[in-house]
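Can you keep this structure in mind? I'll have questions shortly.
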């Protein structure tokens, strides 16, 4: 069963159904589920994902600067903190076991698909407002939540259970719900409760869909390996 | 008769009626009209206004980066060009006659009231979207238009006729109408035709009003002199 | 004895000696020290300072987005967290005792001097890089540290001991030293160890000095009262 | 003979020699030179390049906001104007002949490689300062100049003479030299005349090289066709 992360996300997910399926049902994800993903591909992905999280944290930090309520500020600040001090440690730990140091992670050469997504999100945030930034950020936040929840239920191999456990955990799921509620409130506050009827909705949905397409590219890159 | 610069501006002007009157009927403006403004105050103002226009041009440039349509880009780009290559020349010319070079203008020490307004506008633009930037920019653009139009009709002295002629000119008035139409279209495009009923309207109006209050400070500074 | 918050700050402080003295030895500060500051002025200041801290947190959040090392990101993220979840609570607590709720604080009308400083800092950060942002942020961070340290040693009244205790505390002093070290490292990393010999030094110093002048205005506003 | 577009560019070009060769000697470029590039590939590229120019103009507009001298502002403002009102018309004209309207151009679906480059440039500009933005912009500006100059001398087919004529023209070449001089001056002003010895040089060169790699991806996309 697909988890419920709020109204805006639900509508975006539906509007971008095709790229969303390509992203959340990607061959890379299937490889995590059944354990056929080569370890070198996974490590390559993990190194790139660490660099991704650096920029992702910067994007959430930008959200603090673009927030309009104390609640929005607190949720975004808490997320930055969790990213910098917790989620990135998952990567540091697994990579350390494989002999890759945190310094090597921080200075790894970014693949083009990686740059493509993070810069898209940051630019959407800089050029637009809080809602534009959220629309571009959500495919990552919620997509990983949805994949994590599904794989936690469906996985047939233990090979990637740490990764699956991180995103399938109640902690991560709860964060997705909190962020989803915050976005619904941010929409209502700025656009109104029927935000999906606003002319602006199309451009927000477009950002969500573009970012989803860039997530597909990220898995492609992961699969391709080093 | 108050000129008509479009719907959004008209509503903002009404909502901020008190500071708007303080700004457009300021003692400094009255001094321009009847010629009692001391020349040293005027020159002090003009030097500060040159620095103001540097940052004002930067704000309009930011509007290009934040535009969503080719039309918005073209109007903003044309405005930057007119500012950098024309309006600033009025200041350069008058100041040159008074022995103040353009280099001195560019590097003049900014008064606090000057910094207050320009940074407010730029920050509203960086943190928000195109509409937030426009709401903060309009008190200057439209206020000078309204003052120019009134003083062109009412002035009793020739002392400041160049200044009055610049902002009362059909060129400037026509620019105000074009910008006003562009803003109405930008509102309709992003919020809908009844944009004043949107929850966002209050925060846009707040930006317009804050910027108007900062314009009052700018005249205060002009009056105070060097 | 003046506390040592690092090399860059020491040089900036010296270069901006006059406004720095006006700021750190302001009549408002003296009123805190000897307890003659009227309670209404203090409360007025505190309400404005709360709004200030909202934008100050946003500026530190922007520093995360503009950081280039993990260390910079972590220090900035920690500061945002401390601001949003701790320092602002000092204000909330004192104001609550005086019957002012946090909602009232968050939506208080900003005085012009308040807007002037926070928007200057944010704009310096958006338009420039990490160093420009730091130069504009430091007068607040380090000035409060210096005032706090001095008043903790010199105060003759208990009236404002909570305020003095906050900024004079070892926690706050230690934060100033950490930030000072981080800035020296950021300078060395981007400009080189002799950063004060770089052509860029003048423009950074100019930002520090402008921000210090705006801090003077902030105390003026506090003194003026509601 | 390779044209001379200034010192900074020359050093960057040398430091990024491999990706630079992949970019300026790309199979797509060879197809333009000898006329073997399929027309459908060219049109696909042209539509994407129009969207590219929209974002490229936004990046140059951001450069105005980030400029520190009047000269920098004027050159950037002139470039925005030339882009919006001239270079984009080349695309509009050729596409119109092929039955593609300007509205269709403006709203064309961006390919991932296109987003990757433009968002990288814009984000480098938003997060960094004027120099960071210039380093990321230059591969496009100067690369097209270098390709245009070479193909104007070496071309063996008339099929793409309009495109070659645009970038090989004295107008475009002169613009490259003006921009190159402006960048050298901007470097000297902010870092010093020996800017290549500054610690910052590596990170600027990294931006130039990353952007060059993204240009290679843009040609790949062009070659792949619709």
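Residue numbering begins at 1 within each chain, and the chains themselves are lettered A, B, C and D in the order written.
Operating definition for what follows: contacts are C-beta pairs under 8 Å (C-beta built on N, C-alpha and C of every residue); 3 or more make two chains touch, one makes a residue touch a chain.
Given the structure is predicted, the values throughout are model-derived calculations rather than measurements.
Participant: Please identify each chain that touches chain C as well as chain D.
Facilitator: Chains in contact with chain C as well as chain D: A, B.
Participant: Let me check something: if the centre of a chain is the mean of its CA atoms, which chain is farthest from chain A?
Facilitator: Centre of mass proxy via C-alpha means gives B as farthest from chain A.
Participant: When B-D is set beside A-B, which has more C-beta pairs in contact?
Facilitator: B-D is joined by more C-beta pairs in contact.
Participant: Could you tell me the distance, in whole angstrom, between the mean C-alpha positions of chain A and chain D?
Facilitator: Using C-alpha averages as centres, the distance is 31 Å.
Participant: Between chain B and chain D, what is the gap in Å from one C-alpha centre to the other?
Facilitator: 34
Participant: Averaging only over C-alpha atoms, locate the centres of chain A and chain B and give their separation in whole Å.
Facilitator: 42
Participant: Scan chain D for residues touching two or more other chains and write them down.
Facilitator: As it turns out, chain D has residues touching two or more other chains at 58, 65, 122, 126-127.
Participant: Could you list, by residue number, the parts of chain C that touch chain A in their complex?
Facilitator: Listed in rising order, the residues of chain C that touch chain A are 54, 57-59, 61-62, 64-65, 67, 69-70, 73-74, 76-77, 80-81, 84-85, 102, 106, 122.
Participant: Help me check something: in the complex, which residues belonging to chain C touch chain D?
Facilitator: It is residues 65-66, 68, 126-129, 132, 188-192, 198-200, 203 of chain C that touch chain D.
Participant: Once bound in the complex, which stretches of chain B touch chain C?
Facilitator: Answer in residue numbers: 58, 110, 112-113, 115-116, 119-120, 122-123, 126-127, 210, 213-214, 217.
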